Every structure is written in C-alpha cells, then in structure tokens.
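The same chain A turns up in both complexes below, where it pairs with chain B and then with chain C.
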Partner chain A sequence: MALIEIENLSVTFRAKGQEVRAVRDVSLSVGAQESYGLVGESGSGKSTILRAICGMAPVTGGTIRIGGQPVPTPRGRAFSAQVQMVFQDPYASLHPRHTIDRTLSEPLAIHGIGDRDARVVQALTDVGLPPAFRFRYPHQLSGGQRQRVAIARALMLRPRILLLDEPTSALDASVQAEVLNLLNRLRAEQGLTFLMVSHDLAVIDHMCDRIMVLQHGRTVEEIAHADLAAARMTTAYARSLFEASADRMLDGPVEPAR
Partner chain B sequence: MSLLEVKNLRVTFDTETGRVEAVRGVSFSLGHERLGIVGESGSGKTMTGRSVLRLVRPPGRIEADAMTFDGQDILHASEREMRALRGKRIGMVMQDPKYSLNPVMTVGRQLTEGLRLRDGLGRADATAKAIAALEAVQIRDPARVMEAYPHELSGGMGQRVMIAMMLIPEPELLIADEPTSALDVTVQAEVLAILDGLVRDRGMGLIFISHDLRLVARFCDRVLVMHKGLVVEEIEAAHLMEAQHPYTRGLLNCLPRIGGPRAPLPVLDRAGF
Partner chain C sequence: MSTLRAWLSDPNPASRRQARLGQAWLAWQRIRRNRLAMAGLVIVGILLLVAAFAPLIAPHDPLVQDLSRRLLPPGTPGNLLGTDDFGRDILSRIIYGARITLYIVALVAVTAPVIGLLIGTVAGYFGGWIDATLMRLTDIFLAFPRLILALALVAVLGPGIENAVLAIALTAWPPYARVARAETLTVRSSDYIAAIRLQGASAPRIIAGHVVPMCLPSVIIRVTLDMAGVILIAAGLGFLGLGVLPPTPEWGLMISSGRKYLFEQWWVATMPGLAIFIVSLGFNLLGDGLRDVLDPRSASR
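Right, the complex of A and B next:
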C-alpha cells in the first residue's frame, strides 16, 4: 500500500469573483521510503499540491490519504507528527525573533514531548551544525545554515514524510550540493519518504525515483528515473523541459541559445 | 579598440565594523561580445557591474587605475557626464522586475517617459516606439501590456518589459544583472535568444552577470569567474569544461546532472582558496 495516495485532487482559488483552478484532477501515489518529484514551470500547481496535503490550500475535489487514512480537516497533531514541510526561502520561513533553540523546541512543546534539550542538540548534530548554534537568531546564519535549521525543525517530531518545496532554489550552487547531500543522507538514515517540488529537472533527477511533470495544474506525464536520463519521455512538453534544462548546456560543443 | 576597459577596480565599504572590500582589483576589457561574470553570492559580481555605471551608493567607494568607455574616462567623469551615458549609451537590466519597475506607473508611461523627456518625442511617436520595443522582446499583446501596471504582469513579462525599456535608446553596452534568474527555463531560453539577437544584429557589447555557470557557458563568449572580490579565472566559454582553477572546477562539479551518478555531490572545499 502506498504511503501517500492522492486521487483526482483539485484546488480552486477564488478571488474577486474569479476562479483560478490551480490543480486539476491530479492523482499520484508515493510508496514508503520512495522519493517522488514534481516538476513544472511557475503556475503549474506543483507547490499547491504540497500545500493542499498540509491543509494550506482550498481543496475542492478529490481525496488525500496518508497511510491509507483520509487526512482530517483541520489536519491536527497526529498529521503533523507524520508529515512535515520544508519551504523554499530559508530567509522567510524561520521566525526572525525566535532563537534557533526556540524554533526547534516549539514542535516538542506543542506535542508534549520531553527531553527537549538533548533532542535539540541531536537535531542540530544531525543536520551538521554545531550545537552552539541553538543560541543564535536566524539573521546570524547564512542561507545554507538556515535551510539546515529548517530541515532540523521539520525532523523534530520524527515524521515519516517530508514535503520539500524547492528546498535549494534560494541557495548558491555549492550550498545546494551540501543541502541535497544532507537530505539524501537523512532519507537513508531515517527511512524518510520525500515528495519534492523543483523547477530544476537536474535536481529532481538527482533526488527522485519517479517524476511527475505538471503544466497549468494538470498532469502531463509521469516518468521513471531511468527513462528521464535516457530521454524516453512521451509528451512534447516534457521533452521541451528536458531540452531546456540547464545542465544539458554542458554536454557536447557549446553553442549559443537560439 | 575595446568598448570598455577596466583596470584594477576596487569597491570598498567603510562600515562600523571596519572596511569591507567587495571588489578587490578586477581588470577586464570588453569588445562587441558577450562577457559573462559568474560567482556566488558575495563574490562582487553585481558590484562590478554597477561600478561601470558608477551606481554604488555611499558608504561604498569606487577606485580604479583606469576605467574607460569608448575612450571616455568614466572614473573621473562628472555626474552630468555620467547621466548622459546612463541608459543612453550604457544600459542596465536589473535582477528583479518586482523591485525595479515603478509600481504606480503603467508600463506604457514608464516606457515612454524617457522617449518624451530625453528624445523630445510626441505622445504618438513615443507610444509607437514603445510598442515596437515590446514586440521586439516577443510580447504578444503589447497594447494590453502598455496599459498594465507592473503587478499585473508575470515575472517573465516584467523581465521582458525591463529589457525593452533598456533597449529603446539603443545602448552600445548592456549590463544584465541576473536577467533570467527569476524566469522559468523555457522563458529563460527566449529572453537569452532576444539578447543574443541584439548582440549579433546591432553589435552591442553585453556583460552578463549570473550565478549559473552552465547558463553563462552556453550563452557567452568569455567568462570571468569571481570569488571573494577577485577574478580567479578568465576562460573562453567553449573551454569552460577544461577550467583549471579549483574554485571553477568545484562550481562545475557540484551541480547535479540528468543521468548523473546518484553518489553524494562533490562539495566545495572552501579552505582551499
């Protein structure tokens, strides 16, 4: 049985009398300990799917099941103990006036978990930060360090599923490599399941076993990892994303974009 | 003769906690070609670009042994002389359309403002020229975009509006600071094609500033790799894969590739340089 099952999910935003159908009839299932990627351009609905799972987007149709159980509304504590999200911008997703210690302890306090001191130190060590960082504020950290803190925060409750919304797109290339390596190591160590969103096909290819290409809120194509590398996609849109992917620019003779 | 000559450029900020050297002695010359400047955040690439137009705010200070544009000394030029260059002969496309366009003016008014004030064109002529500029950057319904406010445009559209605005006075040199980093890959390819056409057809010089080594390698003729305010390597884009400097190699290797190995990505050894 799949750990995450989404069937015919639709999300519609209503603003000023206009309806925007951000996600239309998307179905996907992610097995336990699998890593699943969502790619598409801005406005394709890829981030909205993650937000819908967390109850942060207006679901207007379809079902979301985690471990066979439909998700409750509001999501509640049992849900957040299983599913956590890492956001794109580490500059915006950490509370600027809370120390790292407070950011990391808060989920423990909400869930009534003791032994906070040791758990905070352990969480920082897990993401490769010195324990002394717990007394700092977010503005005293670099972008990469902040994203490590955001990952540590997501893992405080030892969830089974991490939803990753462009976790490295705000970071420099060399820092991106460090954070991707960290995520892969944590997935192996803690047996995590990833549902990851990115506009960078090369990042998704490096991280994910299966990939869904989205456009205008609809599924275009689902591609297995091996098929992506071999360019065995069946739709023209998926192929155009593949052709435009930046990493292909290093292959073969360099020619200016035409 | 080269279009732009920069010798030993330094940009220093005197702050409360001491002196910060953002650029520490950068030299390059540019002809009618596409020069890429690549580096990570804090490498000084943006400051290098802004220095050419002397757009560094105090407490920042620009110093150089020489800085000439088309034979004219721009290091010691007066503010009045600089204003005659800015926009008209040297254009600059900023990174983020959200912050660089005026949010309370329609696109049309922003595009025609310069034409009417600087070139003294009438309303109808200015509008016609602005619409032509929007068409040149592949905007399909220029009349609607002219009436729109910046917040009504997508990021890609806003970026193209900024490029159109910079190209109206037909500058001889265009400095593009991360012009495509807010765009989707397919739109990115279109914008690059527009810039590429302008370099080829009009013989414009282009300084293309980016953090994306792969993009720069594909698009530019020559690449300067910057790190901590210094140029660590200058290389023909076609030979980028043969780069020697450990920092350039590190930047190239740490990027994931489609079909690449699943092993941990090599990370930069920051102690090495």
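Right, the complex of A and C next:
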C-alpha cells in the first residue's frame, strides 16, 4: 500500500477577488521508503503540493492520505510525528535568536519526549555536525551547516516521511552535493520516504526513483528513474526540461566536491 | 579577566548559559563603542545610584521646612541649589525626587510594554477578526492625546502616584502594540514559524517562544525612547496637581510650585527642570544606542 496518496488535489488561492489555481487535479502515490520527485519551472505548483500536505495551502478539492488515513485538519501532533519538511532557504528556516540546541530540542519538548540532551547530540552527529556546534546561533553557521541543522530538526521526531522543498537550491554546488548525499544516506539508514521538489532535473535524477513533471499546476508526465536516465520521455515539455540539464546529468551521479 | 573574556567569546559554547552570556557580551561590546549610548547609560546609572543612596547623599531632609531660610539663591552655604518657598533644600528634594521618578518609570516600563506586546503579537499572529478588534481598540486609545487621556483617568481615579502610573501605563501601551504587531506580521509568514508549526507547537508556545523574541528588540528601544516622555507626563501630571501629592518631592510638582517665583527666584523651577531635562536626555541617548545594538537588521550582520 502506498504511504502517501494524493487524489485529484486542487489548490486555489484567492487574493483581491482573483482566483489563482496553483494546483489542478494532481494525483500521485508514493510507496514506503520510495523517493519521489516533483519537477517543474517556478509557478508550476510543485511547492504548493508540499504545502498542501502540511496544511499550509488552501486545499479546494481532492484528498490527501498518509498511510491510508485521510489527513486531519488542522494537522495535529500525530501528523507532525509522521511528516516533516525541510525548507528551501536555510537562512530563513532557523529562528535567528534560538541556539541550535533550542531549535533541535523544541520538537521534543512539544511532544513530551525525554532524554533531550542525548537525542540532540545524536541528531547533530547523524547530520555530520560536531557536537561543539550545539550552543551556537544560526548566524555562526554557514549555509550548508544551517541546512544540516534544518534536516536534523526535521528528523528529531523520527518521522517516516520527509518533504523536501528544494533543499539545496540556496546552496552552492559543492555544498549541494554534500547535502544531497547526506539525505540519501539518512534515507537508507532510517528508512525514510522522500517527496522532493526541485526545478533541477540533475538533483532529482540523483535522488529520486520516480519523477512527476508539472507545468501550470497540472501533471505533464510521470517518469521512472530508468526512463529518465535513458531520456525516454513522451512529452515535449519533459524533454525540453531534460535537455536543459542533460549536460550535468550525463556526468553521472553527483560526487561531493573537495 | 582574560580567561573570562575567552570564555565569553568562545565560538563553541558548552552550555545554554554560556551561549546567552556570550551574546550579551557581544551586545555590550557594541554598545561600549557607541559614545553617546555610553553617556546615556552613565546618566541613567547615576540616576539609579542617586535614587538608591538618596538618604546618604542628600544634605537635608527633603520635607523639613525652615521659613527663615526660604527662597535662598543657588550657592548659599548649606543649600547648594538654593531653597524653595518653604525653605526646603532643592538639592535634597531633587535627590529624593529621583526615587519617585524612577519608581514611576519602572512601573510604567513593566506594565505598558507587556500589555502592548501581548495585544500586538496576538493580533498580528492570529489576524482576521481578532486582529481587527484589537487594532481598532488600539486606534481608539491612540486617537486621544496621551496627556488628556491620562488627565481624564486621574480625574476619575483621584490623584496619587499609583493612579498616575496606572493612567500613564493605560495610555502608553498602544504604540507598543503597533510596533509588536508590525514586527509579528513580518515574522509570522517566515519559514521558521512554519517549521515550528509543523512540529505541532501550540499558538501560545509559538507566540511566547518564537514571535515575542523577535519583537522584543524594537519594543525595548521604543521603551527607552519613551521613558523621557513618561517622565515628562508624570511631571506634567504633577505640575497640574493630578499626579503625586505635595509635599512629596516630585520634580513636576516642584516646577509647579516654583512657577509663582519664576522671574525673581528662577532657580526654584529651573533646578528640577534641569533634572528632568538631563534624565530625559540620558534615556533618549541610551535608547538611540540600544537601537544600534539590538536592531535585528544590524545584529544579524
């Protein structure tokens, strides 16, 4: 059974009498421990799908099911313990006046989980940060380090599903590879399910088993990883996206730069 | 000393306390480089010391009258700043008046910003009808001139120092609510609030733990800048006979009683006036300096 099931999801924003249909009738299903990618240019509704799952966007139609159960509104703590998200901009996603320790231990406090000291240190080690960083403030860290903290925070509650909203697009190329490899390692170690958004097919190619291409809020095509690597896509739009990033993909999997 | 400094500026603090003290140390370093802010801090510090040690510093009892020595000019032996119309020593009265000024300032500083912060952050965070209701309430309070509203409140409650504080606090909170709401609106749509909401945090936890710390610097700056205004309003109420009651040595009251002699015995009104002026200046300079130190835009750099 699929872990994430989305059926005919529609999201419509209303502002000043205008309606913007950001997502139109998108359906997808992601199996447990699968890594699923959403690709498209900006404004294609890919991030909105993630936000809709988290209850941060107005769902106007369709259903979202996690583990066979429709998600409750508001999402609630049980949902928090299952689904977490890593945001795009690590400079904006950490509270500037909280130490890393506070950022990481807060989810434990909310859910009444004990043994916080050990779990915070463990979380830092898991994402490859030295425990000495524990009482630093975000402004004392680099972008890549911040994104590692954001990933650690998302994993504090040991969720099954991680929603990744362009987790590396704010980072420079060498750091990007490190963070992507970290995410792949964590997925293997903790048996996570990824739903990942990116505008960069090279990133998606490195990370995902299946890919959905979106344009103007609609599904264009769903491609398996093998078909993407062999450039077997059926629509012209998917092919044009592929060609735009093909030169980087043909270099093979992204290696960490030194 | 040098080990303490190294401990404070350690980039890898070993505990929550060290991290917090390290940040405070950095803020102190920034404020120390700002000369005007230091001048303000010194003035406020002197005010605190004078108020604390008033009985030791004051040469005379501020309430003892000596009609044979009334309206003596400044520089008279025994009465450095002269005496008022009841022959009381003006210097001693100013020194004891510092206590009352500080009392009023402190009480207003712990009430008005707290009310304002609470209303502003709640309005900004929830939005919708809660925001509309709370902000219209704020508008109503803002629509009245502060002194007039304070006057009306004191007239209802009766004169006295506690009622003066209450009146000032009730008229001083709306600007804090505005500042806090504006700050909350910029913070509430940020990713770190979305992240903590996604962790399942309750609204009170988000407001108290995540929104308020972001609003606090602007509110603190506003408070120190407003302290001068609070002192002036307290003095104004005293001057009009609606604040502190005689014979308490309150600065505004002292100016009021010196008004009759302004042309012949100018020092009776001028000396407490100077005290108000210097203390107001001190708070303003300190507020300006704190703005440079605490402003989130400059602190992030």
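As a convention for this text, the second predicted complex is superposed on the first by the 245 of 258 C-alpha atoms of A that agree within 3 Å, B and C clash if a C-alpha of one lies under 4 Å from a C-alpha of the other, contacts with A are read in each partner's own complex, and residues count from 1 in each chain.
The rule is short, and it goes like this: a contact is a pair of C-beta atoms (placed from the backbone, for glycine too) under 8 Å apart; a residue touches a chain by one contact, two chains touch by 3 or more.
The structure displayed is predicted, hence computed values, not measured ones.
Trainee: Just to be sure I read the superposition right, which of the two partners does A:139 touch: chain B = first, chain C = second, or both, or neither?
Mentor: A:139 contacts chain C only, not chain B.
Trainee: In the overlaid three-chain picture, which partner chain does A:93 touch, first (chain B) or second (chain C), both, or neither?
Mentor: Second partner only, chain C.
Trainee: Is A:206 in contact with chain B, with chain C, with both, or with neither (first, second, both, neither)?
Mentor: first
Trainee: Could you pull out which chain A residues touch chain B in their complex?
Mentor: Touch residues, chain A against chain B: 41-43, 143, 172-178, 180-181, 184-185, 199, 201-203, 205-207, 228-230, 240-242, 244-250, 253-258.
Trainee: Considering only the defined contacts, which chain A positions touch chain C in the complex?
Mentor: Against chain C, chain A makes touches at 54, 56, 75-77, 79-81, 83-85, 87-89, 92-99, 101-102, 106-107, 110-111, 132-133, 135-137, 139-140, 150, 153, 156-157.
Trainee: Show which residues of chain C lie in contact with chain A when the two form their complex.
Mentor: Going by the criterion above, the answer is residues 11-16, 18-19, 23, 190-192, 194-196, 198-202, 205, 209-210, 213-214, 296, 300.
Trainee: Which residues of chain B touch chain A in their complex?
Mentor: Those residues of chain B that touch chain A are 34, 40-41, 154-155, 184-189, 192-193, 196, 211-215, 217-219, 237-238, 240-241, 250-252, 254-260, 262, 264-268.
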